[in-house]
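The following pair of complexes shares a single chain, subunit A, combined with subunit B in the former and subunit C in the latter.
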Partner chain A sequence: MTKTILKAAVVLLLLGFLLIIPRYVESPYALHMMILLFLSVSQGQSWNIVGGYAGQHSVGHAAYFGVGAYTTMMLMHTKQIAPWIGVWAGVALVVVVALAIGSICFRLRGPYFVLASIAVAEILRLSAINLTSLTNGAEGILATELPPFKIGGTIVTEFLTKVPFYYIGLFLVVLTIGITYLVQHSKLGYYFQAIREDQDAAHSLGISITLYKNIALVISAVLTSLAGSFYGIYVGFVDPPTVLGLDVSVQIMLICIIGGMGTLWGPVLGSLVLVPLSEALRSNMVTEVLIKVGLVNAESKVGIFLKENLSHAHVLLYGILVVLVILFMPDGLMGFVKKLATRWKREAV
Partner chain B sequence: MAVFMQSLISGILIGGVYALIGIGLTLIFGVMRVINFAHGDILMVGMYLTYMIFTLLGIDPFVSVLITFPLMFLFGGFLQKVFINRVLNALAQNQILLTIGLGLIMSNTVMLIFTSDYKILTTSYSSSTIQVGGGVSVSTPLLISFLITAAITATLYWFLLKTDTGQAIRATAQDRDAAQLMGINVKRMSIIAFGLGSALAGTAGALISPTYYIFPQVGGVFTLKAFVITVLGGMGSVVGATLGGILIGVTESMSAVYISSGWKDVIVFVLFLLVLLFKPSGLMGKSRT
Partner chain C sequence: MAILEIKNVSKFFGGLAANSDVSFSVEEGTIMGLIGPNGAGKTTLFNCITGYYPPSRGEILFDGRRMNGLDPDKVCMLGMVRTWQKVRPLAKLSVVDNVMVGALAHTSSLKKAREMAMEQLKVVHLEHRADFLAGGLPIGERKKLEVARALATQPKLLLLDEVMGGLNPAESEEIIQLILDIKSHGLTQMVIEHDMKAIMRISDRIVVLTSGEKLTEGSPQEVVSNPDVISAYLGESHA
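Take a look at the complex of A and B:
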């Protein structure tokens, strides 16, 4: 009991801390990093519900991310519909898409399900490229002018700084973690985990497998779509590869795998590792540090090569991380931490 | 009619190369039950290898297959021994992720070395065609690559059916445990199967290098195509993959002509989903419970 209260206190304290950050931090870059972190946590947590808890490893979550992002941006760009209304259109569409995908793909198991989920996302990506009149094709949609957000005539924010985006991102994180917590501690969560552990046993106990898989997918898809809409509005630009590509699906999945699937804090941990690392590589920080420390000479061939190319290859790091995690910590960082904790406890006794 | 024949023939020719890619994937799946998501990236490595041999040594891409095949075999064997072997008994998603990770490493390492510029391998016959008659013409490099593919496929069939090693590979694919009890070195068969699969993918890369753009991300498309082909033919079935490859080649070329080239991949994926739904065991596969 005291442990639960302690945990809740830590979480609330952390949340309070995150709420007041923008009052003291003004650097747009720092806020940008936090927003990227929030986006990553909410993506990972959304996937976690269907992938981690229900054990259905969709490699096609770009479909929901992209549909959310595209719907919001398309409505804003062509019909001048404010994004906070467009978001719900995106959600509605994603529910339809998720149910369609679920009814097709959930008939399949294991590797076949994975392949089908990829195929559906690819069909959507190719459609976005080809339906030029609707989606502007491969050029994508650019819409950076956001209308001011009003409640009853008073302007709440005009989106002039990154602060409103920061709070939207934080809201998404709280929402996704909150929903995952609720799912985990409800009958629904137990059903999901029963399906994950042994589909046939769950079925023989009277759990309707298809129904609960679809419920898990719809919850996950709706949350992913919200993250997608947020991405579109924040960046102000969407095109087929950046929101519907296979890379997007893999990255969403990676957050969970590295952090730990089917755990509440896994996606947070995964994001805390992935976001700073990929940003450090992207912004050439790694090369600069290597040069400063004196490991690499800035004028030497290696130094010049790294400066020019390392920032393009931040995905290389993703690849190496995945391989290492799968080979050496198949339960992700959370599993690794737990293992260390139990070992430490045993030794303490 | 000429248009129909034209697209049918070029579909079959490109389908031959697809078959090679599919056979590689299906061999790996058959023996190890591992879905290799790095298959397209292995093909990409084969393309770059061919490109390097061509630009540095001046050896024709179709001749350099003789070098590419054994090198890619060794590369595949290495991948199996160091990485894949460790996850043979792991969960399916971990196997998939491991191969995705390996693919990312391959494509990004190649990008670091060669940058992401598109490379073109131009030979004297790259754009030449042969008139077949009836207004139908065939691209010379496609025809040569089809003939090489046919020869390789025939040799492979002979290897799998007639040689001891080939029979041991098929036995392992049928029942790993039983094969081990019969004294087959299952681990070695896995290495050979992954090596062969990689060599076939690499060779396919070499064969299409005179007609395709070469760039680090080219693999993704082929990984997806390889899945479509193997599922269509039945996972683990070599004959199925051969038929599946040709079927996909023809479907693509027909839909490019009669619908639009932008939608041809969509049609292939829709076909894929339909097969998954209505005949998940594929054309030649036995249904598994």
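Take a look at the complex of A and C:
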């Protein structure tokens, strides 16, 4: 009991800390990094419900991310509908898409479900490229002008800085973690995990497999679509590869695989590793550090090679990371941490 | 009164008849033993009864209700639950959580489900293992866990598929006592078992299957003295 109270206190403290950060941190880059982190946590946590808890490893979550992002952006761009209304249109559409995908693909098990989920996301990506009149095709949709957000006539924010986005991102994190917590501590969570552990056994214990898999998928898809809409309005631009591409699906999954599937804090840990890593590589920070430390000469062939290529290397590094995690931490970082904790406890006794 | 009626049930896989024209009924409050050599179609019959396979022909009536074509989860909700020959623990969940999954069939409250689960764990004498991971249990305790989890769904008929398979004599004896204990609470059971001594002790009636067909049915004494049964198990020369 005291342990639960302690945990709750730590979480509240952390939340309070995150809430006051923008008061003291003004650097847009630092806030940008935090927003990316929030986005990643909410993506990973959304996938976690269907992938981690219910054990249905969807590699097509770009479908929900993209549909959410596109719907919000399209409504804002062509119909001037404010994104905080458009978001719900995205959610409604994603529920339909998820139920369609679920009712077809959940007839398949294991690798066949994975393949089907990839296929559906690819169909949506190709549709977005080719339905030019609707989606503006490969050019994507650019919509950076956000209307001011008003409540009852008073302007709350005009989105001139990154601060409002920071709080929206934080809200998404709290929402996704909160919903995962509720799922974990309810009949749903038990049924999802039973399906993950042994589908036939679960079926024999009175669990309607199709129903509960679809419930897991819809919850997951709705949350992913919220993250997608947030991405759209934050970046101000969507095109098929960045929101519907296969690497979006893979990245969403990786957050969980690396952090720990089916655990509440796994996606948080996974994001804490992946976001800084990919950012460091993308911005060529690693090369610069190597040059500054003197390990690599900027003018040498190696230096030039790194400068030109390392920024594209994050995908390669993800691959290596996944192999390492699977080999040495099959339950992800969270599993590793738990193992350390039990060992530490045992030694303390 | 018959709680379960199997009427002319056949199950074909392609040209192979895993069950053909099997009929019998199970009386309420009794234990029905189901025996037969390997490949006789015992587990297939269980799968047909519990909704994993639709029977190709015939009818299955439970509590007077036609069960053909119902999904396993509906079958369970109507009061028929099975255990598995090859045990299927939810390995990464704790023992009590495993049983709670069963208990949640009739309640949405975790607190209530946990109480019910602890009760069932006491019935199978596993309460000291409640917080262990199910995947780490030895086989004897996994078998008991299967029974506790099935009981937690509050069935009217419990189907046990070789719960004593792979157990040592002491563990088997515990299971026998458990089955008799469950019977004394009025729950009807149907038991597949290879251990003849065990099945003789617990069954009120026994159905013998060979090559998918019903060979005979009767009290344990009638069945073991039946020359057809002896020849099915040991070959012609022993009959």
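Quick note on the criterion: the second predicted complex is superposed on the first by the 349 of 349 C-alpha atoms of A that agree within 3 Å, B and C clash if a C-alpha of one lies under 4 Å from a C-alpha of the other, contacts with A are read in each partner's own complex, and residues count from 1 in each chain.
Note that in this section contacts are C-beta pairs under 8 Å (C-beta built on N, C-alpha and C of every residue); 3 or more make two chains touch, one makes a residue touch a chain.
All values reported here derive from a predicted model rather than from experimental measurement.
When both complexes are superposed on subunit A, subunit B and subunit C fit side by side without a clash.
By the document's definition of touching, neither partner reaches A:Lys79: not subunit B, not subunit C.
Of the two partner chains placed around the shared chain by superposition, subunit B is the only one that A:Val59 touches, whereas subunit C remains out of contact. Of the two partner chains placed around the shared chain by superposition, subunit B is the only one that A:Leu316 touches, whereas subunit C remains out of contact.
Contacts of A:Lys345 after superposition on the shared chain: neither subunit B nor subunit C is touched.
When both complexes are overlaid on chain A, the residue A:Ile118 reaches subunit B alone and has no touch with subunit C. Judged by the number of subunit A residues each one touches, B leads among subunit B and subunit C.
By the touch criterion stated above, A:Tyr191 is placed in contact with subunit C alone, subunit B being left untouched. Between subunit B and subunit C, the minimal CA-CA distance in the chain A superposition rounds to 11 Å. Across the two superposed structures, the residue set of subunit A contacted by subunit B and also by subunit C is empty. Note for the complex: subunit A touches subunit B at residues 57, 59, 104, 107-108, 110-112, 114-116, 118-120, 122-123, 126-127, 129-130, 246, 250, 253, 257, 309-310, 312-313, 315-316, 318-323, 326-327, 330. Within the complex formed with subunit A, the subunit B residues making contact are 35, 83, 86-87, 90-94, 96-98, 100-105, 107-109, 111-112, 115-116, 220, 224, 227-228, 231, 260, 262-263, 265-266, 269-270, 272-273, 276-277, 280. Note for the complex: subunit C touches subunit A at residues 50, 52, 71-73, 76-77, 81-82, 84, 88-93, 97, 100-102, 104-105, 108, 110, 113, 149-150, 153. Per the touch definition, subunit A reaches subunit C in the complex via residues 185-187, 190-191, 193-194, 197-198, 200-209, 262.
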